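After this come two complexes, each holding subunit A, first together with subunit B and then together with subunit C.
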Partner chain A sequence: MTGLRYVYAVCRPFGTPLQAQLTGIGGAPPALLHHHGLVAVVSTVPAADFSEEALKARLEDLDWLAATARAHEGVIDALTTVTTPLPLRLATVFRDDSAVRMMIEAREDHFRQLLDRLGGRVEWGVKVYLEAEPAEATPAPAAKPASGRDYLRSRRAQSHALEEKWQRAEQFARSLHERLTERAEDFRMHRPQNAELSGAAGRNVMNAAYLVPRKRSEEFVELVDRTKDEAPGIRVELTGPWAAYSFTGETAGETAGEAAGEAAGETAGKAAGETVGETAGATVENAGEGR
Partner chain B sequence: MTMPSRLPEPYGQGSGANLADILERVLDKGIVIAGDIRINLLDIELLTVKLRLIVASVDKAKEMGIDWWETDPALSSRARRDELARENAELRERLARLEELEPGRAPKEAP
Partner chain C sequence: MTVVERREVALVDLLDRLLAGGVVITGDITLRIADVDLVRIDLNALISSVNQQVPSPFEEPA
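Moving on, here comes the complex of A and B:
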């Protein structure tokens, strides 16, 4: 058998069937593996793509990565319409079902705790962009500066204008964030996105995720909508509802730590905050041979 | 209340979410479990860093002053002011050096 078991998410048993036409990675239909009162959502993936060596190469291929990421998210998204899934990180793969069952047994308490905390909640992504202004597109001064002093002066004026725009955007982002946190149970600040990867216009100045109970989601969405015309030159974008991807780490209070960690040694910060030892374990075992 | 068995449809996630939104979640967030296939999780971290660096040209972002997240997640502008001050000093220094190198261009010091 050349198939491996790819695990998308873990959730509680749910009554509503998944969409019949739902496909996961490589077009395979996801199946539900019930064990110990939990459900692992799995599908079979080819060893040709997901063996250690192959996967390493595959992950470097942006097209493959994009397709796989979309398929992964597609399954999580479908689950989100019927239950509260705990999304696993991309490319969590086991040899067979019994290995998946062992994984569930080893972590069932943790899964249950997370499900208790996240059940009935979804994640909303809110991004604030500073729109590019026409003036900015033509920054070159008409006359060449006569001296260094002139250059510095005009440079200072430019910086000043930029600084003012940033301050406005910051103020707006901060006030929006304050209002949104009142209606959310938790939040995470993510790194601003880069235009080239996201394809979005303008500059991303805030990229946040909010954990919101489903029941209050409509209210939350309305609030975001209302702010959209509040500030000229600033754009607000809403995505979701997502599964609570950003909130599967330990707990609140981690927020500050995580954000700070993200700046410098994200990996270290995360390893400490999340499933302790997992990252290190995976790394070490990677050096040796998998069973 | 709507049908309890089906939860509300997404508000346009399919259209609103870009690849960056998806990647930052499926690669960076979610529960980390070491499966049987031991891909080095650091590889994934590296990959995302690579995506950010290459595709996204972080340097350019820094140049534009978009670096607050590196020092202060709470949208601090102090870091940026520091950066501006530093850059300013650097520019002054470079300019002074340049003007020294080109005596013809420095009118007051011309003999």
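Moving on, here comes the complex of A and C:
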């Protein structure tokens, strides 16, 4: 078979079959690869997209990245309806099934530990924004400042007001976080999102993920919902339930350094030479429907 | 304050998780074409092309 094996997730064996029409990256149907009492969820992707060099270019292409990320999420989402998947990082690719099996063998204990820890749990995302109020809090500036001193005074008042708003938002975020951690088993702080990337209004003060047992999810969501009228000028956004992407280990940069050195070049030639005639049309349906 | 629950998953939220979360497998000696570092480097490039001011979303490799 030409093409490479893309691994979405590792799970424990589950009885319920996946939806028949489920498609993964490039429209390929995901398959289950059973090995050592674990299941890798895989599909075939074109080497033309996922060879080292191609991938480098592809990741610069926001449309391709979006379609790939959504297809990955679509498969993970489908898995969460039948089991607790352990999602892998985007674009984890192997040459063939036997390489996937070797990977499972090398990491099966770790996978089992993680699956034990995450079983029956989901991730909720909570973001706090300071709303941009168009200069409403500051007194309407006099049509023309009477003097330079008046001007400076009003500038100072403005920046003071902004500072206060920031502090209020941070305080609110802290207290919300405290209450949420009481209902959650774990949390991760993601970096606040940049408004230009997210397109969201206001300024992102907190971008957190919480690991919550399914059974307590309703309670958790209600708690977020109850904060509705607590603070003016602050917006809270809830996303989820997600598979527990943010809780798959303290792996931020785990072995990144050494891997970077080794990986460079070694396989690039091989992979590039092995071209695949056709690239499956990139009509990836948006399966990431938030459930 | 308003609480918003979005139906459609925003791409940034997805990328927070798919590029900074998920199990990182770097140990495969057979093939490392999809090394995590590529993802890290290229997302940085992507983000800095949008806005030079944005700090790296990931830690520098040690």
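The rule is simple: the second predicted complex is superposed on the first by the 228 of 291 C-alpha atoms of A that agree within 3 Å, B and C clash if a C-alpha of one lies under 4 Å from a C-alpha of the other, contacts with A are read in each partner's own complex, and residues count from 1 in each chain.
Rule of thumb we're sticking to: contacts are C-beta pairs under 8 Å (C-beta built on N, C-alpha and C of every residue); 3 or more make two chains touch, one makes a residue touch a chain.
In this text, all values refer to a predicted model and were calculated from it rather than measured experimentally.
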| item | value |
| --- | --- |
| First (subunit B), second (subunit C), both or neither touched by A:T181 | neither |
| Touched partner set for A:Q113, first subunit B, second subunit C, both or neither | neither |
| Partner chain in contact with A:W242 - subunit B first, subunit C second, else both or neither | both |
| Partner chain in contact with A:I234 - subunit B first, subunit C second, else both or neither | second |
| Partner chain in contact with A:Q158 - subunit B first, subunit C second, else both or neither | neither |
| Touching partner for A:Q19 - first (subunit B), second (subunit C), both, neither | neither |
| Set intersection of subunit A contacts, subunit C complex versus subunit B complex | 4, 7, 10, 50-52, 55-56, 59-60, 62, 65-66, 69-70, 72-73, 86-95, 99, 103, 107, 114, 125, 190-191, 193-194, 196-200, 237-239, 242, 245-246, 248-249, 256, 259-260, 262-263, 266-267, 286, 290 |
| Touching residues (chain side subunit C, partner subunit A) in the complex | 1-28, 30-40, 42-43, 45-47, 50-51, 54-55, 57-62 |
| Interface residues, subunit A side, partner subunit B - complex | 4, 7, 10, 15-16, 50-52, 55-56, 59-60, 62, 65-66, 69-70, 72-73, 77, 80-82, 86-95, 99, 103, 107, 114, 125, 148, 151-152, 155-156, 159, 162-163, 166-167, 170, 173-174, 189-200, 203-206, 214, 217-218, 221, 237-242, 245-246, 248-249, 256, 259-260, 262-264, 266-267, 274-275, 278-279, 281-283, 285-286, 290-291 |
| Residue numbers on subunit B that touch subunit A, as the complex places them | 5-11, 13, 16-45, 47, 51-52, 55-58, 61, 64-66, 68-71, 73, 75, 77, 80-81, 84, 88, 91-92, 95-96, 98-99 |
| Subunit C contact footprint on subunit A (complex, rising order) | 4, 7, 10, 50-52, 55-56, 59-60, 62, 65-66, 69-70, 72-73, 86-95, 99, 102-103, 106-107, 111, 114, 123, 125, 188, 190-191, 193-194, 196-200, 207, 209, 224-225, 227-239, 242, 245-249, 251-257, 259-260, 262-263, 266-268, 271, 286, 288-290 |
